[in-house]
Amino acid sequence: MSDIRNTAPDGEKYEPHVSATSTDAIGLAAGGSAGPLPGEDKSYSQGQLVARRFFRHKAALGSMIVLGLIIVVAFTSIGIGPIPGWWPKGYTLQYDKIGDGAPTWAYPFGQDTGGKDYFALVMRGTQFSLIIAFSVGIISTIVGTLIGAVAGFYRGWLEAILMRLTDVFIVIPLLVVAAVLGKTASGWGIWGLALVLGLVTWTSLARLVRGEVLSLRERDFVLAAQAVGTSPWRIITRHVLPNSVGVIIVSATLAIASAILLETSLSYLGFGVQAPDTSLGTLIDEYQAAFATRPWLFWWPGMLILTIALCVNFIGDGLRDAFDPRQNRNKD
Amino acid sequence: MLKFILRRIGASALVLLGASLLMFFLTINSGDPLKDLRESNVQNKQQLMDQRSALLRLDDSPWERYWDWLSGVGGCFTGNCDLGVTINGVDVLGLTQQAATSTLRLITVATLLAIVVGIALGILTAIRQYSGFDYSITFSAFLFFSLPVFWAATLLKEFAAIQYNNWIAVGQYAPWTIVIVAILAGFLLQAVLGGTTRRRLITAAATFAFVTVMLFVFNALDWWRNPMFGIAGVLVVSAAAGVLVAALVVGLRNRRALYAALTTAVVGTVAYVAFAPMLVNDPSWLLLAVLFVVAIVVSVAIGAAWGGYARKQVMLVTGITGLITSIMVVADILIAHWASFLSIKSRPISTIGSQTPNFTGGFWEQVLDMGTQILLPTILLTLVSVATHSRYTRSSMLETLNQDYVRTARSKGLSEREVIVKHAFRNALIPITTIVAFDFAALIGGAVITEQVFGWKGMGALFQDGLNAVDPAPVMAFFLVTGVAAVLMNLVADIAYAALDPRIRR
Amino acid sequence: MTTLDISVPGPVSAAGDAVLSFEDLSVTFKTEFGDVHAVKGIDLEVRPGEVVALVGESGSGKSVTSMTALGLLPRNARIGGTIRVGDKVVGGLDGRGLRNMRGNDVAMVFQEPMTALNPVLTIGDQLTEGLQLHGIAYGKQAIARAAELLTMVGIPEPERRLKQYPHELSGGQRQRVVIAMAIACDPKVIIADEPTTALDVTVQADILDLLRSLKDKLNTGILLITHNMGVVADMADRVAVMLKGDLVETGTADQVLNHPRHEYTKRLLAAVPHLGAGPGQFGDVAPVVAAPEDLPALDLGNLVIEYHRVGKPTFRAVDDVSLSVAQGEIVGLVGESGSGKSTIAKCALGLIPAASGSVSILGTDFNKMRGKELKAMRRRIGVVFQDPASSLNPRLPIGDVIAEPLVVHKEGDERSRRRRVLELLDAVELPRSVYNRYPHELSGGQRQRVSIARALTLDPELLVADEPTSALDVSVQANVLKMFTALQERYKFACLFVSHDLAVIDLLAHRVVVLQNGRIVEQGPREDVLHHPREEYTQRLIAAAPVPEPLEQRRRREARHALLNKLGDDIAELHIEDDYERPQPKRDEVGNPSGLAGYGGDGGN
C-alpha cells in the first residue's frame, strides 16, 4: 500500500484512504471489508480476504474436513462402478451372520437381516445421495444463476415469469412438486432424478441472484460499461456475475444441503430413488421397522444424512460470513 | 387498504389457478394408473381396466378432465362441492373434510408455536450475540434444519413417547436425573439472563436450588401422576407474567402499567373461581370461546381504566396478561384432569394416528387425548421452523440494531429495553413476515412426511396414496386445501407487513 | 501534540464554564487487522452559547470525538482521557447515569435525516418519548410540548405532523424534527455531526439559521462537526482543525480561516473552491474554440423524461429541456436534489430513454440509432460518475478497468492497449504501479482519477461528468479539478458537468444551466448566471451557498436575509414565545394525575 501513497502526486499527501482509515464511528464499523487495511503494509486481494475470513470460521473449517472424509471414504471404500475399492466386502453378498448382526470389527456398521454387510450398503447409499445432492446443487445453481441474472438485467417478461413461478412455489410445497416429478422420473435412474430435482429447486437461488443483479445494475460501474457500449452479455458475465459470486456460492452450498434432505425424504416416501439403486433415504425406509430390534440399521444412514447436511450448512455459513462480513462487526 | 387486500386476493386466485393446472397435468402424467391391473393375473383383468378407465375418464382429453375438476371445485361457491372420486370410487369430498381438520390443526399449531418461539429465540440470541447461549442456539438451529424429518420422527417416537409412557407408569424421577435437570436449568437461565459473573452465579445457584427442591417435592407428592396446580398457582404465575409483560412493554417506571397488569391477573383468577363449576364439568367449545373473548375484552378494559399517559401500551400489557391468565386457567383444568386421563389411557403419548379410536371420556379428557396425539408431530414440525425463524430474526434484529435511528434512540437516553422493544423489534419484524409466509409451504411439505411417520390419516396420506395410484382427484384435493391455506397465510403476512410498515400502508 | 493555540479569549469565550470539554482524549479501536488509533490525545472545550467547529477531512477522527461525549462508541473502542459534560465526567458514569445524561445534558443532531428517524414510529411518538423518559412532561402535556417544539423549529401545522411518519416529511423537515428532538430536554450542549451535509444548499442555509438562533436564544453550546469551510465561516465562533486524530490548530473563526498558521490548514483552505472567484483558482480553463457553424457536441431539444411507476401516476422527471454543449465547451448543469440533472446526464449517455424530444450527439439523434451505429456513437462519449466506491468494478484490476472500452470496441492488440493505459495513467497523474492493483486498494481520489482515465480511453468528443468530485474531500477535490482542467485543455473535449456545488461550477464552466424540478430556470454564460442572476430561484441558490470567509459570509448572509424578506419568505429561526418556560424535569405529579408514576424504578434493565 505504502508504495502507492509515496509515489502519489504531491498534493495528495493528506488524502485519507477513504474506507479503511475512516475512523468515523460508522466507517470503522464497516471497515476492513472493502478498503485497504490499516496498520499493515501487505495488501490483500478480495479472494485472499474471503479465504482469510473463511478459515477463521472454526465450525466451517471442521465441517469441511469431516465432509471431505465422508466423501473420500464413501467413494474409495467400495469403489465406483467398475473400479474396486479397499473395502473387502461387497454390498450384494450375504455373509454369515455374527450374532444378531450388531456392529463388530469385521462388520463395523453391523449386518442387515439377510446378513449383508451394512457398511458397504450404507456407503453405496451415501454415494448415491451425494451424487444426487451435488448434481442437484450444480444444476439448480446454473439454472438459477442464468435465469436470475437475465431476469434481473433485462426485467420484462422473463422476470414476470420468474416471479409468478416463485408465487407458485409458495402455493405448492417444493416437496410435493418434487414428489410428483420424482415419481414421473423414477424410471430414469438417479441422473433423471437429479435432473428433475435440479429443475424444481432453482427458484429460490434465481430470486436471490435477481435481487443482487437488480442492485448491481444500478451501480455506477455497470452504467459506465453500458455507456461505453458494452454488450449486455459481456456486462452480465464480466461485471455483474463476478460481483454476485458470494451470493451464488453461498446459495449453491445451501442448495446442496437442502437437496440431500429433499432426496432422502422423497426416497423415504417412495417417490425418489428406486430399487435396484439405493440411497440413505431408502435405507431408512427399508429398515425403519427394525428400529426396536436392530437399531444400528436405523442409526447409521440417519447420522450420515444429518452429518452431511450439517457440514454443508456450516460451510455455507462460513462462506456467508467470509463474503459478507457485515454481521461480524461487534466481535471482540 | 381494502383495495390492497382485494388486489392481493385476485393475484393469489390467479396463481392458485395456474398452480392447479400445473399440478393436475404433472399428476396425470406421473405414471400409469392401470399399472397394477396390467401386471395382475386376475381373470377379469380387461374388464377391471375398462372400468377404471371409465371412472378416471382416461380416454377423454386431459383438458376436459381438468375442466371437469375445476367446475366441480367452482361448485363449492354455490354450496355443492364436487371434488371427484378416488380410483376406488370413494367420494373425495368426504375424505378431504376428515383429513383436512387434523392436518390443518397440526400445521396451524406448529406455525403459531414456531413464530412465537422462533422470534423470541432470535431476539434473545441477537441481544446476547456471541455468548454461550447464542452459540448453543445457533448450533441447535443448524442441527434442526439439517435434520431428516422422517428419521427424527422415528427417534422421537422411541424416546419421547415410548420411554415416557414406560416412565409415567411409575412417575418418579431418579435423584441423579433431578440433579442433571437442575444443573441444565441453572446453566440455561444464567446464559439467557446474562450480566456480571457474580450475577450469573447467583442466578444459576438459585435456579438449581429451586428446581431440585421442586422436583423432589413433586416426587414425594407423586405429582407426575396426580398433578395439580391450583388457584394459587394460577394467580402466582399470571401475576408474575403480568409483571414481566409490563416490564418489557412499558417498563416498571410506569407504575400504572404494573398495577393494571396485577389487577388483570387478580380479576382473571377471581373470575376463574366464579366460573369454575361451569368450566370443569363438560363445557363446550363455544362456551370456552365466549369466555375467552370476554376475558380479553375485560383485560383490555382494565388497561384502559388504569390508562395514564401511555394508555394504549397499558391496554396491550393487560391484554397480553389476560391472554396468559386464560391460558393458565385452561392449563390448570387440564392438569387437574391428568390423573383421570391416565386411568383411561395408561400410555398417554400416542405414536400412531390423530386420535385414539373409541376413546371415552369427558370433554377435558378428550382435549388431553387430542393434545397427546398432536404433541410429537407438532414438536417435530415446530423444531425445523423454529430453526429458520430464529436465525432469520437474529440477523434481521442485528441489522436493525445497527441502523441510524437506533443510535438516535440511544442518544436520547433510552434504556436498552426501550431501544430493543420499541425501536428495533418492530422494524426487525417487517422482513420476518415474508419469511413466515414462505416457510408455510415448507411446513406443509414437512407435514406430509410427519403424517406418514405417525400414521395419521391426514392430507399427506391422501396425497401420497393418490400419487402412488396416479389418481388425480385426491392429489388435487390435497393441493386445494393446502394451497388455499397457503394463500390465506400469505394474505395474513401481507396485512401484517402493511400494519407494521407505515411506508406501504397508504 | 502540535496544536498551535493562537486563540485569544474573546468576549464569547469568557462567558461561564465549559459545558463540554475533552481533556487529553484518545480513542483506539481494536479491529480485525490490529489497533487503529483514531484520536490521539486532544483538548477541546465548548462554552454556553458558543459554536465550536471541529473541522477535518474523512478519517480525521472528528465524529469519533463527538460520539465519546455521549458514550456511544462501539464496544471495540478504548477511550482515554477525561470528557466532561457540564459537571459530569462521562467516564465515571454507569449505564443509568449515562442514559440520564443523554438527551438531558447533551443531545445529538445526526447527518442523515433520512435514516436518523425510526420509520415505523410517528413523529409524535419519537418526540414525546424523550420528554416522558426524562420526566419533563407526560401524556397530553408531552404532546402539547412536542407541538410547541415543532413550532419552534418552524414546522407548520405541528398537530398534524405529530401524527405523521418520517417518510411523509421532506429531508429539511426531518432535520428540523431531529433538531426539535435534540432541544426537547433543553440540553446544555448540542453536538451536530455534519447536520447539513445531506441537505440541499437552500435547506442548509435555513437549518444553519435555525441552529444559530438556537444558541442565541437558548444559550446552548454547539459542537459543530463539519468538513465544509463555508459552513464553518457561517456558524463558528471558534474553530478546531483535526488531522489524523490530532488537533493541529485551534482559534477563533477569523484567526483560523483568515490567518491560518499550520501548513495543513493553509492547504485545506487553499483547496476550497470559492464561489465568486471565477475560473483560474485551480488552473485556467481554455476558451471555447468551436466556430458557431460547427455541430454542437451535445444538443438536447425539448427533452422530456418520464418514469413509469406501478399504481402511481407517471412522474415527469425532466420537462421540456433544451440545451446544447458546443465542441470544447464545458457546460455546468446545476440544481438541487430532484431537479433532474442526473437524469439528463443519464439520458445524454443513452442509459434511459427520452419520452419525447431529441438527444443529438454531433448532429446525430441518439434515440433513432440502433445496434452497430449506436455502439459506434457511444465510443465518442465518455462518462465519470460521482461515487468512487461504486464506479469501478471491484473484481477487475485497474489496467483492465481502463482498457475495458478498448476491448469492447475491439481496438488494438494486447500491447497497444497496455501502452494506451500507461499513457492515461500518466495523464491522470497516477503511478504506473497501480496497473495491477484492485480498486479497493486505492483511495477515493485515486479511484476517481481511474474513472477519468477510463472515460478518456477512446478520446471522446463529449464527456458527461455526474458530480465527479462531490464524494471527495476538499483537498482531493482540488487536485482532481486541477487535473481535470489540465486534461480538458489538452484533449479539448466538450463536457456536460453536473454538480450541486456552485463554487465548483464557477471555476470550471463556460456556460451554466440552472434546473429546478425538471425545468430550466436560467441558462447563459457563467459570468451572467452566477454573478448577475436574473431569476429569483438562481438568486436564492447563490445567496444560500456559503463562502469560506467569515466576514464575507456574514455579509452574504445578511444579503440573503434581505433577499428573503424582499421575496416575502420567512427567515428560519427558533420561534420562542415571550413567556417561554425552560423545561424542567418534574418531580411532582403533574401530568400524572393519580400520582402513580413513580420515578424510583429503573427503566427495566
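Which chain is which? They are A, B and C, in the order written, and residues in each are numbered from 1.
Basically, a residue touches a chain if its C-beta (ideal position, glycine included) is under 8 Å from a C-beta of that chain, and two chains touch if they have at least 3 such contacts.
In UniProt terms the chains read A = ABC transporter permease; B = ABC transmembrane type-1 domain-containing protein; C = ABC transporter ATP-binding protein.
This one's a predicted model, so the numbers in the text were calculated from it and none came from an experiment.
Distances from each chain's CA mean to the overall CA mean are smallest for chain A. On a Cα centroid basis, the chain most remote from chain B in this structure is C. Chain B has its Cα centroid 30 Å from the Cα centroid of chain A.
In terms of their C-alpha centroids, the spacing between chain A and chain C amounts to 43 Å. Chain geometry summary: the mean Cα position of chain B and that of chain C are 50 Å apart. Looking at chain C, residues 72 sit in touch with two or more other chains. Across the assembly, chain A contributes residues 29, 329-330 that each touch 2 or more other chains. Interface residues of chain B, counted against chain C in their complex, comprise 247-248, 251-256, 259, 308-310, 403-405, 407-418, 422-423, 426-427, 430, 500-503.
Taken together, the chain B residues at the contact with chain A in this complex read 11-12, 15-16, 18-19, 22-23, 26-27, 29-31, 129-130, 142-143, 145-151, 154-155, 158, 395, 398-399, 402, 437-438, 440-442, 444-446, 448-449, 452, 463-464, 467-468, 475, 478-479, 482-483, 486-487, 490.
Contact residues on chain C toward chain A in their complex (touch as defined above): 27, 29-36, 38-39, 57-64, 67, 72-76, 243-245, 264, 267-268, 346, 349-351, 374-376, 378-379, 381-383, 385-396, 404-405, 408-409, 429-431, 433-434, 437-438, 440-446, 451, 454-455, 458, 464, 473, 475-476, 478-479, 482.
Considering their complex, residues 70, 72, 98-104, 107-108, 110, 112, 115-121, 129-130, 132-134, 138-140, 142, 165, 167, 178, 181, 591-592, 594, 596-599, 601-605 of chain C touch chain B. For chain A in complex with chain B, the touching residues are 29, 164, 167-177, 179-181, 183-184, 257, 261, 264-265, 268-271, 281, 284-285, 288, 291-292, 298, 301-302, 305-306, 309-310, 312-314, 317, 327, 329-331.
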